[in-house]
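Naming follows writing order (A, B, C, D and E), and every chain is counted from residue 1.
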Amino acid sequence: MLLQQMINGFTLGSAYALTAIGYTMVFGILELVNFSHGAVYMFGAFICLILITTFKINFLMAFLLSLVITGILGMLVDKICLYPLRMKNAPKVTSLISTIGVSIFLQNLVMLLWGSETKNFPMVFNLGTLNIKGFKLSYFQLVIMGTCIVLMIGLTLIIQRTKLGKAMRATAQNMEAAKLMGIHVDQVISFTFFLGAALAAVAGIMIGMYYQTVDPMMGFMTGLKAFAAAVLGGIGVLPGAVIGGLLIGVLETLAAGYIHAGYRDAIAFAILIGVLLVRPVGLLGKPVQKKV
Amino acid sequence: MMLLEAKNITKQFGGLRAVDQVDLSVMKGEIVSLIGPNGAGKTTFFNLLTGLYSPTFGSITFDGKQIEGQSPERVTSLGMARTFQNIRLFSNMSVLENVMLGMHVKTKNGILNSIFRTKTFHDEERKSKDKAIELLATVGLEDKCEEYAKNLSYGEQRKLEIVRALASQPKLLLLDEPAAGMNPQETLDLNQYISQIRQQGITILLIEHDMKLVMNISDRIYVLDHGAKIAEGIPSQIRNNRSVIEAYLGKGA
Amino acid sequence: ACSQPTSSTNNEKDGVKESITIAVTGPLSGDYAQYGEAFRKGTALKVKEINANGGIDGKEVKILLMDDKNDPKEAANVAQRLVEDKRVVGVVGHFSSTASLATAPIYQKAGLVEFSPTASHPDFTKQGTYMFRNINTQAIEGPIVADMVVNKMQGKKIAVIYINNDWGITAKDNFTNAAKELGAEIVAEETFIGGQTKDFTPTLTKINEKKPDVLFLAAFYSETGMIAQQMKQLGYNIPMAGLSSLFNEELIKLAGDAVEGLYLSTNFFPGDTNPLVQDFITNFKVEYNSEPDQFAAVAYDTMGMMIEAIQTAGTDRAAIRDALAQMKDYPGVTGNTTFNENRDVVKSLKVLQIRDGKFTVVE
Amino acid sequence: MLVLSNVHAFYGNIQALKGISLEIKEKEIVTLIGSNGAGKTTTLKTIAGLLRPKTGSIQFNGEEIGNKSAPEIVKLGISLSPEGRQVFPRMTVLENLEMGAFSRKDKAEMNGSFERIYALFPRLYERKHQAAGTLSGGEQQMLAIGRALMSKPKLLMLDEPSLGLAPLLVETIFQLIREINEQGTTILLIEQNARMALMIAHRCYVLETGKIVLADDAKHLLESDAVKKAYLGE
Amino acid sequence: MITILGLALLVLPLAGLSSFALRMFIMVGIYIILGLSLNLITGFTGQLSLGHAAFYAIGAYTSAILSTRYGLGFGITAPLSGLAAAFFGLLLGIPTLKLQGAYLAIVTLGFGEIVRITALNWMNLTRGPMGIPGIPSVSLFGYELQSNIGYYYVIYGLAAVTLLVVFRIVNSRIGRALMAIREDELAAQYMGVYTTNYKVLAFTIGAFFAGIAGSFYAHYVSYIDPQSFTFDESIQILSIVILGGMGSIPGTILGASILVTAPEMLRSLQDYRMVIYGLILILMMLIRPQGLLGGVRFGKGGKAKNDASGSKEYNQAIWRAKSS
């Protein structure tokens, strides 16, 4: 049972990790906790579902199209709700409330457009299950975990190696200086939001497929957990988001399996707090060296 | 009388010895300068004295007490105050409030006092305020009491930082490049101001790259290079010290 | 400072026809908006039918629709507003026990009937004489379903998953007590937080270890759908049973063959040959182009009862309460309804099973 | 090469520049002096595109750049070593320098630029892999100057480059300015150390509260009593 | 100004307001207390807290349990609720020793969730989702409040006390220390401010008043369950503080008035209500990023001019230690 529970935990954790990557990217560049991320995740899943069911587009096309649409939505969120605040040099919490506004708006808009009930997400391809000595691992679970790892490595490479990645890091550390280096920071930020939102859509669609359901509220808890995961791993650090996500997934599963299902989220948060007390910048976060 | 004595202070950052076995002492009433090339370890030395870092080894005695590894809060309450190389004012607070914060360790009003606005509360507030305005007047900032600190010009901010540090009535005042960004005229004013402070019985330890100021005002000078002390003495000795010229002053000075 | 809801069209302007206003309140936004939607459709259909037949004594019936987001504070605001709105003669709502309990003191003090189609918390109607409900408390449903599980399904070892709200807890308690009396053993009791928990794999893995004969679900259709699907993915094969809360076509859409064979109880069933039910379904389809579920049905009945009370008592709020309390055998689409002395109802239940992707009555 | 005519600029509703007109010719060193808050930094920021002028025009080689964004202006060959250093604190020294060359195309020649900067500031070479945020104040200043040089600008703007540097290095910096000017780079310099600035500059503008109050050959100003008194501390 | 406002509030109910309007005023009063208490933590001390509803919940539950099980009246339950919440504030304040920015935010968020989930599961203590019905109404000096008018005076009395206390704390040596922490924690340490103690103090006092608000709420509505204390609630309180302007006392009052009544004003929009509400939240932030009354601290003579919104330093103080 322990082994099976671990597998359950890893799958759930991959979902958090996938979402946490988007969180951490946006945080990494703007130091902004983007509370609309959960709603964007939900939106991605819905768009894909609508494309498949209402517009009868084949899955692969629908998948790609949703990434693009959701990515554009992410860009718009930034352009409309956050960019003007940056221009006015507003306190960061203002942006935080703005993203909360976005999330309320999106969630209720989706309800208005497509109803608030839980919807079936069609099983697009049945990959079957791997059955080893009594425990089950579906191939789809492997797909989710694989996607997560691939994205993490890919994005890390982009950020470490490419010019775009460098521009992102520079923008994150000092926007004004970045402009002086010839970096179009607004484009870089837009792109980051595009990427973050598209990643959220990947996560939303994958999870929609895994649980075969989507609903307008699906982003709320996942969003919070993904935020927790990103922080646990050290916010701004991509591998940290993945490790944080997996850890929270596993811990939560074990808590539900062995302690008390009603308390599972409380236990997950309690452990998170415990870890932060020992490592105040998360598992992979680097402490800021004080220097005056 | 010895006010500050640092013995064998060393600070290691990974593979780098930013401060390397430095001995330094300051007598009550002196103005002592700490100079040296960029990255010599001067600011780090200040950070060690004031408890931001604890030394890898060595001991620091201030006013008869061991203070190495103590927190900045504690060091401040023992009577040390400093300014920062990069100005750190409380930007969204008024000039007056900045100075009154400097008095934090010298005042006592607690939470109950404040809520019930007792007589002690009013007395202390009034006294602090008067004192703060008086201090601001010494640098000509008394008219800007109600201004946000962030709205001051650079030079004014530097002055405010010094006044804020003075407000704690320190025994020892540490100044980290106070003249940076000031024009020659303003530097002259500063020179005078520091002398005045000394006349009030406050001991001063100064980091500065403006040699005119340093040579003019210092009783003694310590020179650091690559973390280690390469010279100490009175200004005329330092000015002519061959290794100091080579490492730091250049022929121009 | 408060704007008047536009939905309450005040027709004093033509001065010809008088109207009677009944408030309907439930979650029109937020997590539970779909149930509010069912309230809206069910009640509006009833009112449309009444008005088509000349209204109440020639007066047109109007609905004043109010969103409470299923949030107790919002609900209390709504309640305060309604008791002060002199046009309102009775209230159909609120949806959850939480909202209903939070508003009860306000309605009671003002003397306005609060008739909830769905609040099943045992304490609700104890809050005062103006509180009515149109749903079986679990004290009634639990034993019937326990009998179904233990005797029809041969469940000797039963695992239970319940939603962690007042309804889930009372449902679970009433079910397990009855099942134990029938000689069954409860091998696991697991809970989850509604709207929050989406992943049931740890709970299911744990339950599977206990090798139960039946998995009993005190849950709504959405989470039941997820549970069924995740169980299938994990490759577990445990027969499932549930309550009337599961009676919703969406469940089958959602979970497909994963819920095949599931047993449940209900007091509204579209397959019912009763012409009342058949007419309701037909009209509903014409009006909304969708199938009514039990929430729409019970809201329809609740509105019907409210109107009947007004027909007998007139528009005096207190008189309406008395008329409602004395109503006998109201013939509704959710069965014949009479209030007991606590203003609770007792409705007969049918047992259904999902067979070949359809809800089917089990004899 | 660069012509500002009647430039007005604001921070919110605080007016910092009240009609600045100035001109810099190819291969010149021009310096701006003025007391704290006069608007020197603001002038450079406006040229660099960090601040949009409200009215007035800025022309660079005949092209209007007042409405261009900072990155576009960098690509035209204007580079600024800003006030307050503005290094990328969590990047290494090396990465900071690489950022300086962000919009440069000629990858091949870049090694040369690195070598030149390292030769000028050996300390930066020693600390190639140290995070810039942990450098000492003076070291960060070296890095900021080095970074501005990395883009091989046509017009180099330096905002108080000697701030926080040791005396020996101050000499080096002024020598460097003269050197790169001789190699063909035009320079716009702000200095508190007005004497040194005037000594290497060709021409000088004096700013007071957002306006230019004096413009002349540097040599002349060095002799002017008013300037001596106000800015040279004599 | 304050006196006029106070007098207006005093005579308002006599002007024959409807019960509904009174109810809205009472809710606004509750949120003024919640907002002011959070403003002390977030606005003045700069510690972003996403779990303020937890203290509100602890206060409400303490009162509900004490009054329904032990028959205690509001006069006793209210201070005890404040103390209980303050105790947890102390408990939560301690981890903030080391944490900053997002890290602190998630800890406070987590704390809020832990409290809510515990309330949901600890059946013996809280009756879980069954909630606690039948909480007796407020009685003071043996006189039981029957009407909204009575509650109105009680809540505005409490709000006035909260306002006075917060105002006095903020305009004192303690308050200056708190604001210094917000502006630059390290520099504050160098002023001799034991920042940890002060942060804990802010959390404790803030929690105390949130607890009192919770106590009043419980007695006022007579039924509470965990659903009243969700994350949304914490966000609502935070929005009030930020909309009004961080570190602004009159701002919080304005913020509470707007955000509590807005959903009521929008009620006629039905399904579109929350969509519009989301938009309004965004718009208000865009129009006045520094908050409606940002910079107006209620200081001596409303000084501190309101200028080019929050500076960079201000942001950094909230989000993390300065690195330069």
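Criterion: contacts are C-beta pairs under 8 Å (C-beta built on N, C-alpha and C of every residue); 3 or more make two chains touch, one makes a residue touch a chain.
Just so it is clear, the model here is predicted, and its values are computed rather than measured.
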Field: Contact-richer chain pair (by C-beta pairs counted) among B-E and A-B
entry: B-E
Task: Considering only mean CA positions as chain centres, point out the chain farthest from chain A.
output: B
Statement: So, in whole Å, the Cα centroid of chain B is separated from that of chain D by 30
- prompt: Where the CA atoms of chain A average out and where those of chain C average out, how many Å apart are those spots?
  reply: 36
- prompt: Taking each chain's centre as the mean of its CA atoms, how far is chain B from chain C in angstrom?
  reply: 73
- line: Two or more other chains are touched by the chain C residues 29, 33, 164, 191, 193
- request: Any chance you could list the residues of chain E touching two or more other chains?
  value: 117, 120-121, 186, 271, 274, 307-308, 310-311, 314, 323-324
- request: Going through chain D residue by residue, note those that touch at least 2 other chains and give them in order.
  value: 89-90, 133-134
Message: Considering only the defined contacts, which chain E positions touch chain C in the complex?
response: 18-21, 23-24, 27, 117, 120-121, 123, 128-131, 133, 221-225, 227-228, 261, 263-265, 267-268, 270-271, 273-274
Task: Would you pull the chain B residues touching chain E in the complex into a rising list?
output: 50, 52, 71-73, 76-77, 81-82, 84, 86, 88-94, 97, 100-102, 104-105, 107, 109-111, 113-115, 117, 121, 124-125, 128, 146, 148, 150-151, 164, 168
Query: Given the complex with chain B, which residues does chain D contribute to the contact?
result: 35-37, 84, 123, 134-139, 141-142, 160, 163-171, 192-195, 230-234
- prompt: Which residues of chain A touch chain C in their complex?
  reply: 1, 4-5, 8-9, 11-12, 108, 111, 115-120, 129, 131, 136, 138, 207, 211-213, 215, 217-218, 220-222, 252-254, 256-258, 261-262, 264-265
- prompt: What part of chain E is in contact with chain B in the complex they form?
  reply: 165, 168-169, 172-177, 179-180, 182-184, 186-195, 201, 205, 247, 303-305, 307, 310-311, 313-314, 322, 324
